[in-house]
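Common to both upcoming complexes is subunit A, partnered first by subunit B, then by subunit C.
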Partner chain A sequence: MSDVAWIVVAAVVKSAIAIGALLTIFAYMTLVERRVIARFQRRVGPNRAGPLGLLQPLADGMKMAFKEQIIPTKARRLIFVLSPAISVFVALIAFAVVPLGNTTTWGTSPVAIAWAPFIADLNVGVLYMLAISSLAVYGIVLGGWSSGNHYSLLGALRSAAQMVSYEVSIGLALAGVLMLSGTLSMVGIVHAQVAQGIWFILAQPLAFVLYAIAATAEVNRAPFDLPEAEQELVAGYLTEFSGLRWSLYQMAEYINMITVSSIAATLFFGGWTLGGLEGIPGMPFVWYTIKVAIFLFIFIWVRATLPRIRYDQLMKVGWQALLPLSIINLVFTGLAVALGWPWWASGLFGLGVLLIVAVVLYNRLRLRQAMERQSGEAVPLALPSSVRLVRIAPATASESGDGVVAAPAAPAESVTTS
Partner chain B sequence: MLLHQIAFYVLAAVAIASALGVISFRSAVYSMLSLIVNLMSLAFFFLMLQAIFIGTIQVLIYAGAVMVLFLFVVTMLAPDTESVGGRNPLRWQWGAGIGLGIILAGGLILAVVNGSLARDAHAVGADGLARQVALHGNVEAFGLALFHGFSFPFEITSVLLVIAVLGAVVLGRRILGREE
Partner chain C sequence: MVAEYVPVLILMGLVFAFTVAAVLVTFVFGPKKPTPEKLAPYECGIQEIEAPQQRFPVKYLVTGMLFIIFDVEAASLIPLSILMRQLKMTGFVELIVFAVVLTVPFVYVWRKGAFTWE
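Moving on, here comes the complex of A and B:
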């Protein structure tokens, strides 16, 4: 066979392996997540299907495959059917540029490179990822819109606003790393870390923290899962989807988690490297997998720990905290690179900014606690004008002594905050 | 280069069909989806010309950012106006559109068939850029051209964008003030 044919075969085989692996990891991520969340909540979790519940994903898959896929009468059929597929398609192709193993020891002939452990080494790798992930919002918005349901539409709108807001911070946070590495190629960024002898987390701690927060918002995970907030929106854009279409959306969410974890591991933690241990054959892939697994576990951990934030808080964090901080980081990193300062200059700067932010947040918390202690009641939060808190007057001693539940006979005092 | 040609004709057909869809769909959302397909096929044209950077930016900026905002506004502001029906209030637009369209099509056909325009207009920048791409790579060549060769237009563009943002803020504020 000619070289071109071999390159095509290599690309097809590697893509097939990657898709199969991603879908398997997705299936087992659902199981791991349920088991781990159960542990966090002192439950057992699914453990019936097979040993340790290992066949649970299979059972779930069978169940989903045989469920009725309802299409609401008011839905726009074509778009309703297409949008889950758009979500999964976009999630899968974003993974193409992630380097999974040692790329320095590969040969230089076109056929040898074709079998290297990445599907494509694009000259614009990081931009490609950002471009593809910016398309992810279509699957959700179109799905919500085409359902013909107000809850779905609200979830879709929230998702659009959220993803557009946080994409800006992601791009600016990653730009610091790109300046240090001098390339946009994902393979090249790992090579730059090998050449400079550091992981970029050391030089860009601020950028990593900003990326971690923004990426969680970008994949709509808790505490940023407002598009599917069940207390407010039933299930947001997912409300009308059932059966396999619903699981396609789940699939897209988990694959997106794997992808943003891979970006974090590649850009900030040296991808497949581990302080010289990547020389052992076969181990680079293991290091890469361990790093991604740690990030995935943190995703679950955060979901089990933090409550969902309010919509106005979401917008405030995105535009008033993450964006200015990422611009500060960008400007300082640019200065450091232009003046040829060593890597620890931007590292110390990033840590300093993080420390200042932590001190400011801590002081605000203490201030609120002090005010609460002084006034003996909760300090009114700054709520948007549409939110009203209704405070019911506490029951008097005689009423509670009689064992009567405090009836709302006392006029409910409406507290409106501005 | 047969594959190349097939890809070109398929893409061209998709681009033209989606462009027609933009102006012929009655529903704003479908019209906008056609525009997204059109922008994506333009991105593929850039990829076919080895301009990976421009193709990616086309997807990132137009399909990923601008059209998402369009979709946001369209779905939020006009969820019930499925189709714009009734009599066209601006009949004269038909005539003007057809006239201008014929002029544009004629000019393009002349340029393609004649070919003298392309020969006369020395593609200085493109020629130099192609050499730079071969030398440094796609992104590097683009960056060098943008920040060394064309830095003044680049900066002027950013001033223009700042003015646009300020204009949006001023307009938005005036509308809010009227409501109160």
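Moving on, here comes the complex of A and C:
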């Protein structure tokens, strides 16, 4: 066969493997998540279907497929049907540029490159990833908007505002890594880390923390899962979706988790490298998988640990904390790179900034606790005016009239925005 | 150059086939016993008072516009970042100029309260 035919065959085989692998990982991530969360909560979790519950994803899939697929009368049918597919499509194609195995020892002939452990080595790899992942918002917004339901619409709007807010920080945080690597290609970034002898987490700790927070918000995971905050919005943009359409959205969410974990592993943790151990044949893929698995576990861990934050806090963190910090990181990294300083200069700077932020937050907490101890009751929270707390006064305290106090005093006409 | 994108297009093709199949499958399986109540928008069991898809808080629109401004700036910073090693101090001065241009409107919209949600 000619070279071209081989390249096409290789691309088809690799794409099919990638799709199959991602779908399998998605299926088992749902099981792993339920089991792990159960353990965090001192439960056992699903363990009936097959040994250790290993057939549970299959059972769930069957159940989803044979559920009634409801399309509400108020829904705009075409968009309603298509939007889960948009979500999944975008989630799956983002994976094309991730290098999964050792690419330095690979041959340079076109056929050898065709079988290299990545689907495509684009010279704009990171940009491709950012571009594709920003399309993810379409699936959610169109799905929520076309449902013809208040909860869905509000969930979709929230999701859109949240995803676009954190995307800016992701772009700026990753720009720091790009300064060090000097290339946008994902393969090239791993090679740059091999050449410089470090993982970029050491030179860019601040950028990594910013990326980790922003990426969690970007994939709508706890504690940033406001689009599906069940106490306020039923299920957000998922409210009207049932059966397989619902599971397509779940699929997109989990695959996006895998993708952002892959970006973190590749850009900050050297991808398939592990301090020289990548020389063993077959092992680079294992190192890469372990790194991604650790990130996926952290996603579950965070979900089990942290409560969901409020929407105004979410916007505050995104715009007023992450964005300025990422600009500071970018400017200092630019200075270090322009002056040819060694990697630990920006590393120390990043750690210093993180330390300052930690000290400031800790002091605030201590101050608050001291005030509470002094006054003997909870310090009133700085709540937005649309949030109203209702306090039922004890029966003896009759001086306050009706006993219902709106705190803090809010003008009655303020509209609850979300 | 363009040849690099062929595998991506092939992946897109396969994924497209998968998603089309997934959408079609949703119409095949499953019972179909619609009732007016079942097909009504989910509203916690009460009658819908007004249709959605009317007005929504302008804050979301403001956030969207801010995103366009800042994300375009972030996107313009990426080529500069790539070339930082070659450009040395010239690049750094440009970065500073860029950061100032980014910071001034940022401070302005912050003071205007665009990031304060209620």
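As a convention for this text, the second predicted complex is superposed on the first by the 394 of 418 C-alpha atoms of A that agree within 3 Å, B and C clash if a C-alpha of one lies under 4 Å from a C-alpha of the other, contacts with A are read in each partner's own complex, and residues count from 1 in each chain.
Convention: a residue touches a chain if its C-beta (ideal position, glycine included) is under 8 Å from a C-beta of that chain, and two chains touch if they have at least 3 such contacts.
Note that the structure is predicted; figures quoted are calculated from it, not measured.
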{"item": "First, second, both or neither for A:Ala161, with subunit B first and subunit C second", "value": "both"}
{"item": "Of subunit B and subunit C, the chain that contacts the larger number of subunit A residues", "value": "C"}
{"item": "Touching partner for A:Lys67 - first (subunit B), second (subunit C), both, neither", "value": "second"}
{"item": "First (subunit B), second (subunit C), both or neither touched by A:Trp145", "value": "both"}
{"item": "First, second, both or neither for A:Ala195, with subunit B first and subunit C second", "value": "neither"}
{"item": "First, second, both or neither for A:Leu248, with subunit B first and subunit C second", "value": "second"}
{"item": "Which superposed partner A:Leu135 touches (first subunit B, second subunit C, both, neither)", "value": "first"}
{"item": "First (subunit B), second (subunit C), both or neither touched by A:Ile327", "value": "second"}
{"item": "Touching partner for A:Leu184 - first (subunit B), second (subunit C), both, neither", "value": "both"}
{"item": "Partner chain in contact with A:Asp312 - subunit B first, subunit C second, else both or neither", "value": "second"}
{"item": "Common interface positions of subunit A, toward subunit B and toward subunit C", "value": "122-123, 127-128, 134, 145, 153, 157, 160-161, 164, 167, 183-184"}
{"item": "Subunit C residues touching subunit A - in the complex, by the definition given at the top", "value": "3-8, 10-12, 14-16, 18-20, 22-23, 25-27, 29-34, 36, 38-44, 48, 51-53, 56-57, 59-60, 63-64, 66-67, 70-71, 74-75, 77-78, 81-85, 87-89, 91-92, 95-96, 99, 102-103, 106, 110, 115-118"}
{"item": "Complex contacts: residues of subunit A adjacent to subunit B", "value": "79, 122-124, 127-128, 130-132, 134-135, 137-138, 141-142, 145, 153, 156-157, 160-161, 163-164, 167, 183-184"}
{"item": "Complex contacts: residues of subunit B adjacent to subunit A", "value": "29, 33, 36, 52-53, 56-57, 59-60, 63-65, 68-69, 71-72, 75-76, 79, 137-139"}
{"item": "Subunit C-facing residues of subunit A, complex", "value": "7-8, 10-12, 14-16, 18-19, 65-74, 81-82, 84-85, 88-89, 92-93, 96-97, 114, 119-123, 126-128, 134, 145, 147-154, 157, 160-161, 164-165, 167-168, 171-172, 175-176, 178-179, 182-184, 234, 239-240, 243-245, 248, 311-312, 315-316, 319-320, 323-324, 327, 330-331, 334-335, 337-340, 384-386, 414-415, 417-418"}
